[in-house]
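In the two complexes that follow, chain A is the common piece, with chain B as its partner first and chain C second.
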Partner chain A sequence: MKEDGYSGWWFPPNISANYGQTLDQGTAIITWVTMIGGIVVIGLMLFAVIRYRYRPDRKALYLHGNFKFETTMLVLVTVFTLGGEFFVLGEISEGVWDKIKYQAPEDAMEIEVLAEQFAWNIRYPGDDGQFGETDNELVDEENPFGIDEDDSAAEDDVVTRGLIHVPVNVPVKVKLRSKDVIHSFFIPVLRIKQDALPGETIDVWFQAKETGEYHLVCAELCGLGHTTMKAGFVVEPLEEFQSWLEEKSEE
Partner chain B sequence: METNLKLLTVAALVYFSFASITSAATIKGKVLFEGTAPKAKIIQMDQDKACLEFYKGQDPPRFKSLVVNENSTLQSVFVYIGKGVKGKFKSKNIVTLDQKGCAYTPRVFGMLAGETLIVNNGDKTKHNFHLLGKNKYNRSANPGKSIKRKIKKAGSLKIKKKKGKLKSKVMSKIKCDVHPWMVAYVGVMKHPFFRVTGGDGAFEIDDLPEGKYTLVAWHEKLGTQTQEFTVGKSDVKTVDFTYSK
Partner chain C sequence: MTTVTLDTVQSHKESFLTTYVFSMDHKMIGKQFLIASFLMLFLGGCLAMAVRWQLGFPDTPLPGGTLLPETMVDEDGFMLPEFYNVLFSMHASIMIFFAVIPLLNGWFANFVLPLQIGARDMASPLLNMISFWFYVLAGIIVLSGFFVEGGAAAAGWTSYPPLSALAGMGQTLWIIGVMILGFSSIMGSINYITTVFKLRAPGMAFGRMPLPVWAIFITAFMTLLATPVLTTAMIMLLLDNAFGTSFFLPELIVSGELTETSGGKPLLYQHIFWFYSHPAVYIMIMPAFGVVSEVISVFSRKPIFGYKMMVGSLISIAGMSFIVWAHHMYQSGLNATAAKFFMFTTIVITIPPTILIFNWLATLLGGNIRLRVPMLHALAFLSMFMIGGLSGLFLASTYGDIFFHDTYFVVAHLHYVLFGGSLFGIFAGTTYWFPKAFGRMMNQRLGQIHFWLTLIFFNLTFFTMHFLGFAGHMRRIAEPMNYPFLESTQGLHTFITISALILGASQLIFAFNFIRSIFRGKEAPANPWDANTLEWSVKNPGHGNWGLSVPIVYHGPYEYSHPEVLEDFLPQNRHQSGII
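Moving on to the complex of A and B:
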């Protein structure tokens, strides 16, 4: 276990600056609990299999049930399981859920991500910070968002396909949409996974704390080309990000 | 007697082939473009390294949906006879569509219903050949592999787009779902009187029997235009189309 998080060597790198570590912590807790439980149960089973194995002089016994013992065990197990679950859900998970879903910083950089069979389309609002109007009738292979170029806010919009660049240490809010079927926006290094539903705009936010080149993949089987539906995810210093965006807007 | 028959046959063949050449009319012309075409956008192929690699050291690839030639004519316009052709035409030709550099070549092409289409994959990545319209078909091919498919039905479901501006009765769209920027159009025809304009923006349809016809020009972005014309025996007629933006 690392000091700054709970990622073990078996995890992909975790570059999340906010809730990613907590999610890994959750995974670690579940792993340890189920591992200990598994060892106890399988251990007892192995012990019973070996200790009470067949012997010519050994006879099987038939025992009547012990009502008192069984009832006590049933109640205890129920209380422990349910209690544990409510504790985990209420005390630990809810806070994390709240952070992921509802605590996107106000000053987060906004981008739009549109999933389609089988590609990721990304739109940056440009200098004015506003997304231009879109019209479904304008959608084609050259204009995946259907941006209305007559709209003044659309002029500086930057659209990329299969490539996301984000600045390091800056919160980013994604407006996630889907064009056709259910896709899932999954950036493993950020521990983000959010389904994209057709007809809905879903907010996702994240903050990366380490630069590097990673991947965005689709985590929901969406058809024939599902496995090829990926995009580059590049985290870079703010200046480099800005010059990249400028370069893209000139294209 | 036998030699006479042979001679007669040869003579008849010569006569009929000659007659068919001389009695056929030709319709030719140019597809002109007025105005300035917007600069084509760069195709962003970042999602597939094999596509990126193909263009390494070259200029980045651009969309070819609106290509204006140096002599102000339009490329990839499908020109065909819409109405007036009589008779049935059959062919066993093979039409080839190449996938190279994560793009289709040719982008616009025509074929006769009943002909076989071979789709080659010359890229180092998987493509899927997705034909829309009446001859709906979808299949993927690994690098170096080809797809062979007989295209049976002429015509198309209507391609309708941009507030009814773009309609076609013959064009079907071909796309690759793995690489959404890849698009081609095929006109599946009942007769062989069609051409696609190339680098000179010109077309020439010959072997046309005399009659009254409708000539249709179709461009994927600029829509359809029609003109009517009548040709007599061995006429050569010029019809130009003009698109503007």
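Moving on to the complex of A and C:
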């Protein structure tokens, strides 16, 4: 069984089956580019400081600039910056941003995640695949979503607190909401982060390819209990997931 | 040209109160900003030390913690989570609003700008004085939050609603304070712009203005255009926080209770706030660009490379800074297509700073480089700002930001820019102009010790935080050990805390050197660095700067090592035939 431990100098394990790998590759490329850039500039600076250190008998070069050199520099920097960064950020990622933000698969399993100070509430639609109607007026301790019991779609809804189970290798679409302040839905092993805004429902999707016990945490300051706001995130084979859900619905 | 005679300059008598407290002399106001902001810097630093203590030694009570009131610590002296939120919120607010911005735009702008353009004072000395006292008032209001029920503001320096709108008195005071500080900035910037337009000495054409003046001048335009937007956000937030409106609040369920708010959008605040705060990021560093350009040229004994390109870069940074704001909001629920536009503009805005860096390097190459203390800080600025700029690329890409957003990677990045950049720039400029401001030299040996300790422990503290970011370590959490996947980062946290404590302690060397040199330093000659600009032609810094008439400017500020001049410098007010 895998866990989301700290791996030292680099990312935690990556169990994302969809875009997570591309994100890590993109970051690796940016790391190389920036390291080389940094070493060249700082190296050049140190070279200049040592090579041209003060000598009383010497006079510095009297040079205000050079129009040709400066213009060439400007063009080169522009081409390199735009070209290089679009290559890294655009081409390599193959529109990964759109994939993450817009292109959740049609057949994704839907769950609802409702953040509040300082807990994560999760709702599964049950066998009918339909979420029951909710009403803010009905919200209380027992009913964090404010589910309307009169709605037939609500009968088989399953609600958990502080624990998400998802099946492995199945795309999952999260309808993300918040009750009170801004929270942020962050699962490090899936490379996914999305703020939850009160008054809005935001879609987030992911697909996990390895079973294990991981964590969902809050990444946006949400008040005094922010430091404790986490939930278990369990990825398991489909059968186990289904029996867990059944067990929960009987409670 | 109006000639002011010695008589009119020295005609009025000054009392202690009008000389040191309610002064209208730009040099004194500059020094007031310097001292007040250094006190705030010290306070902000102390708060950071407490934050680091909590993270580095979570099982040891805060030293001296038992002396604090019970709203901050428990009976054994351990920090409460709500106090931790206060600490980092106030640390950032103090450092940004009350230290870095006023040091660059209060101290440098007031002290250096009139002297470098050959003006006797600011266009409106009265407005200048009011601007300083608004800053003091704002500081008092924000800090008084520590003494009200519920403690000071704890919603981060960004104070996003609904969290900030639901918070108590401390937050209300924070909002009012920041609003008043905005008035101070606006008054200052109007004054700087007018002074540059109206009060340049004869011969001081725009093309002959030293780069610190250019940088402050351009920054003033950013301040003038962006700050009213922040003030707007603060007024709306104040109404939401204290008067029950819902500009930023939809219907909420707070601790089980339905609120009466409706129809507001939390995201709206972020747009308005960052519309100010991204230009503000450049307000927090652009004057340092100017200072560092000056220091690098003076101590390389070489003209700044590509003067016009430098000015052009500063202007384009200022212009573009208004269209990149939403890159702080990629994961906020911002429309994903809009995010792509902001990634594009963010890529484009990296071009002018790259030009600045290349020009600084080109200035160094072929120079005759004197490694005096201001120059050490300027070189540290160049390299640390470079690292900060590069780490920004991880966050500038919409998808790289998904993982790093709101992690320690951001903390590392912003400290490389604001500490590694702005603060090293502030040290460079402060050590450079100290002799003119106080008539004495700072101790060089102490300056070198302070510089090296700061550089080393700054890197040990903040470079390490990049790795916490890679671990997915969220910012702003008081107890990382609550999270199983962060348990093994405790060692790293302890290391960072020890480095940070030494970094903090090293600043006391600077404080000692600074205070001692004011009273006991070696007497400074009028032009200790053999520099060209006009401030060094003031022999006796009294009221009105120059005796009989203001100097006449004959050529640009960077005529160093001219082959036809015997010395390796040529002051702007010294006529030399053939050099214009």
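The rule is simple: the second predicted complex is superposed on the first by the 225 of 251 C-alpha atoms of A that agree within 3 Å, B and C clash if a C-alpha of one lies under 4 Å from a C-alpha of the other, contacts with A are read in each partner's own complex, and residues count from 1 in each chain.
Keep in mind that, in the parts below, contacts are C-beta pairs under 8 Å (C-beta built on N, C-alpha and C of every residue); 3 or more make two chains touch, one makes a residue touch a chain.
Keep in mind that what you see is a predicted model, and the values were worked out from it rather than measured.
> Specify the outcome, clash or fit, for chain B and chain C once both structures are aligned onto chain A.
Overlaying the two structures gives chain B and chain C room side by side.
> Quick one: classify A:Ile39 as touching chain B (first), chain C (second), both or neither.
A:Ile39 sits against neither chain B nor chain C.
> Put chain A at the vertex: what angle do the Cα centres of chain B and chain C make there, to the nearest 10 degrees?
Once the structures are overlaid on A, chain A sees chain B and chain C at 90 degrees.
> Between chain B and chain C, whom does A:Lys59 touch in the aligned arrangement: first, second, both, or neither?
In the superposition, A:Lys59 contacts chain C only.
> Name the contact category of A:Gly225: first (chain B only), second (chain C only), both, or neither.
So A:Gly225 meets both chain B and chain C here.
> Which one hits more chain A residues, chain B or chain C?
C
> Using the superposition on chain A described above, determine whether A:Glu141 touches chain B (first), chain C (second), both, or neither.
both
> Quick one: classify A:Val75 as touching chain B (first), chain C (second), both or neither.
In the superposed model, A:Val75 contacts neither chain B nor chain C.
> Tell me the contact category for A:Phe118 with respect to chain B and chain C: first, second, both or neither.
first
> Which partner does A:Leu238 contact after superposing on A: first (chain B), second (chain C), both, neither?
In the superposition, A:Leu238 touches no partner, neither chain B nor chain C.
> Of the two partner chains, chain B (first) and chain C (second), which one does A:Ile202 touch, if any: first, second, both, or neither?
After superposing on A, A:Ile202 lies in contact with chain C but is clear of chain B.
> What does the superposition give for the shortest Cα distance from chain B to chain C, in Å?
6
> Taking the two structures together, which residues of chain A meet both chain B and chain C?
Residues common to the chain A contacts of chain C and of chain B are 116-117, 137, 140-141, 223-225, 228, 230, listed in rising order.
> In the complex, go through chain B and note every residue touching chain A.
Those in contact with chain A are residues 41-42, 44-48, 60, 63, 65, 126, 128, 138, 140, 161-163, 175, 177-183.
> Using the touch definition up top, name the residues of chain A that touch chain C in the complex.
Counting only chain A, the residues touching chain C are 3-12, 19, 22-23, 26-27, 30-31, 33-34, 37-38, 41-42, 44-45, 48-49, 52-55, 58-65, 70, 73-74, 77-78, 81-82, 85-86, 88-89, 93, 96-98, 100-102, 116-117, 136-137, 139-141, 179-182, 184, 186, 188, 191-195, 197-200, 202, 214-215, 217-228, 230.
> Under the definition above, what is the set of chain C residues touching chain A in their complex?
81-82, 84-85, 154-156, 160, 162-163, 166, 249-256, 258, 264-267, 300-309, 331-333, 336, 339-340, 343, 347-348, 350-351, 354-355, 357-358, 361-362, 364-371, 379, 382-383, 386-387, 390-391, 393-394, 397-400, 402-403, 405-407, 467, 470-472, 474-479, 482-489, 558, 560-563, 568
> What residues on chain A touch chain B, complex-wise?
Result: residues 116-120, 137-138, 140-142, 144, 160-163, 223-225, 228-232, 251 of chain A touch chain B.
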